[in-house]
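A, B, C and D are the chain letters, set down in written order, and residue numbers restart from 1 in every chain.
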Amino acid sequence: MQIKVLYFARIKEAVNYSSEDVVLPEEVETITALKHWLSKRGEVWANLFNGQLVVRAAINHNLVDDLAVIEDGDEVAFFPPVTGG
Amino acid sequence: MQIKVLYFARIKEAVNYSSEDVVLPEEVETITALKHWLSKRGEVWANLFNGQLVVRAAINHNLVDDLAVIEDGDEVAFFPPVTGG
Amino acid sequence: MIRVQTDDFDVAQILAGMRQNNPKVGAMVCFVGLVRDMNDSAEVTSLTLEHYPEMTEKSLHGIVSQAKQRWDILDAAVIHRVGTLQPTDQIVLVAITSAHRQAAFSACEFVMDYLKTQAPFWKKETNSQGARWVEAKASDDEAQVRWTQ
Amino acid sequence: MIRVQTDDFDVAQILAGMRQNNPKVGAMVCFVGLVRDMNDSAEVTSLTLEHYPEMTEKSLHGIVSQAKQRWDILDAAVIHRVGTLQPTDQIVLVAITSAHRQAAFSACEFVMDYLKTQAPFWKKETNSQGARWVEAKASDDEAQVRWTQ
C-alpha cells in the first residue's frame, strides 16, 4: 500500500525533509512496524526509531499509539512530544 | 466596657440602624454572650439571634467565631453569610 | 492591586499593566464575574452590592497574601464593585500573573473561593416582585473548604 | 472560536465579544500564555512555533468539544499563534464563559492541559548560544492525566 509520511520539528530536521510518499511492503501494518521498517534506512533513521526518543504518531490527523493500524492512502505523521501553549 | 456594634445587609434592615455604641455588663465577654444579651432586647432581636439564622461576626474587621472574646473599645460587626463575587 | 469601587473597570488595561515589560510573566489567569439576569428562576433587573468598607480591603489583602504564600505568583489584582449594577455589568475581577500556568490557575481560583466566603460583600437583587437578599450557597463553602484539606 | 494565526490577538476584544449582550454569562475565565525571556536558565531572544496545520485545528476542536461535554459552559475561545515570537509576546489564549465560576475555571484549565500535551505545536528557542527545541515537560503530562482519573 501507499501512504504519505510527514515529519515535524526535530524529526523533520533529522531526516531533512518534511514529507514523502512511501510504498509499504505488506507486512508493515502498524505504526510500530512502520517505525521498525524506517529504522532500517540508515543511521539517522535508526537513531530516531531505536526507542530512546519518544516519537509520537498521528494517522489522518488523529494522535494514535504505536499499535494503530495503517491503511492504504493514510497520512502518517511522526513528531516529538508537543510543546505548544 | 463600651464597644461599637455594626449591622449589615438584612440584619441592618431588621434592626433598622447600622451602628450603635453599647455599654456591656461585665459578664458579656464573648460574641455568643453578646448575641444572647442582644436577643433579650425584644422580638426582632430574639428572632435574629435565636440560632435559626446564621449570623457571622467580625471583631475589629477580622472574621471571628462565636467564642471570640470582646475587649473594651472593640468594633463588633454582625452580618449574614457573605455573598459577594 | 486591590480596589473596591463603584466605577466599572477595564480588564484589558489591568491585564496590560500586569504584564507590561515583564518578561518573567509566562502565564496570566483572569476571572471576571458578571451580573446575570437570572438567579433562582426570578428575572433580575438590578443588583445592589453592600459592603463593610473598613473590613473589605483588609479581607482582600489577607486573601491575596495567603495566595502569595501558597503559590509562586508574580502579581495579583482584585477589583470588586459596590453599589447598584445591571445585568451584564462586571462585578469582580481577579487576575494573577506567574511564570507557569498551574500557580496562576490555582491562585486565581483560591482568591475567588475565599472572596466568595470571607470578604464582607452582600448582594441584594431586584426583580419585578421586589428586592431580596441573595442567599449564601453551600457550594461556595465547599469550594473554599477544599483548599484547607 | 478556534484560531491558529501568526498575528497577535486582542484579549479585550475577544472577551468583549464572548459576553456581549449575553446576560446568561456570570463567569469568564481567561488564560493567556506569554513568551518568557528565561527557560531552563538560558536567556531566550526569540521563540519559533511550528505546527501541523491540518491536525492543529482538528485537535483544538476536539479538546473544546470534550470540555463542553464535561462542563456546563456557554462559549469557548482558543487562539494559538505560530511563527516567530519575542519575549513578552502573547502565544495562546483560552477563554471560557459560563453561568458559574467553577465550570469556567475547570474547563479553561482542562483545555490548556490538553492543548499542552495533545495539540501539535512545537517550540524552538533561540538564545545567544543558538537554537534548540524545547523539551516536553513531565509536569504537563501529569497535569493532563489527572483529568482522566
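The criterion applied here is as follows: contacts are C-beta pairs under 8 Å (C-beta built on N, C-alpha and C of every residue); 3 or more make two chains touch, one makes a residue touch a chain.
This is a predicted model, so every value here is computed, not measured.
Figure out the least number of contact steps between subunit B and subunit D, where 1 means they touch directly.
2
When the C-alpha atoms of subunit A and subunit D are each averaged to a single point, how far apart are the two points in Å?
Roughly 26 Å separates the two chain centres.
Please tell me the distance, in whole Å, between the geometric centres of subunit A and subunit C computed from their C-alpha atoms.
48
Taking the mean of the CA coordinates per chain, how far is subunit C from subunit D in Å?
Centre separation, subunit C to subunit D: 23 Å.
Quick check on subunit A: which residues sit in contact with 2+ other chains?
Within subunit A, residues 85 contact more than one other chain.
Enumerate the residues of subunit D that touch no fewer than two other chains.
Within subunit D, residues 33, 101, 112 contact more than one other chain.
Which of the chains touch, listed as pairs?
So the chains that touch one another pair up as A-D, B-C, C-D.
Touching residues of subunit C toward subunit D in the complex: what are they?
Residues 10-12, 15, 19, 21-38, 87-88, 99, 101-102, 104-105, 108-109, 112, 139, 143 of subunit C touch subunit D in their complex.
Once bound in the complex, which stretches of subunit D touch subunit A?
33, 49-52, 54-55, 58-59, 80, 91-92, 112, 115-124, 133-136
Would you mind writing out the residues of subunit A in touch with subunit D in their complex?
6, 8-10, 54, 58, 61-63, 75, 77, 79-85
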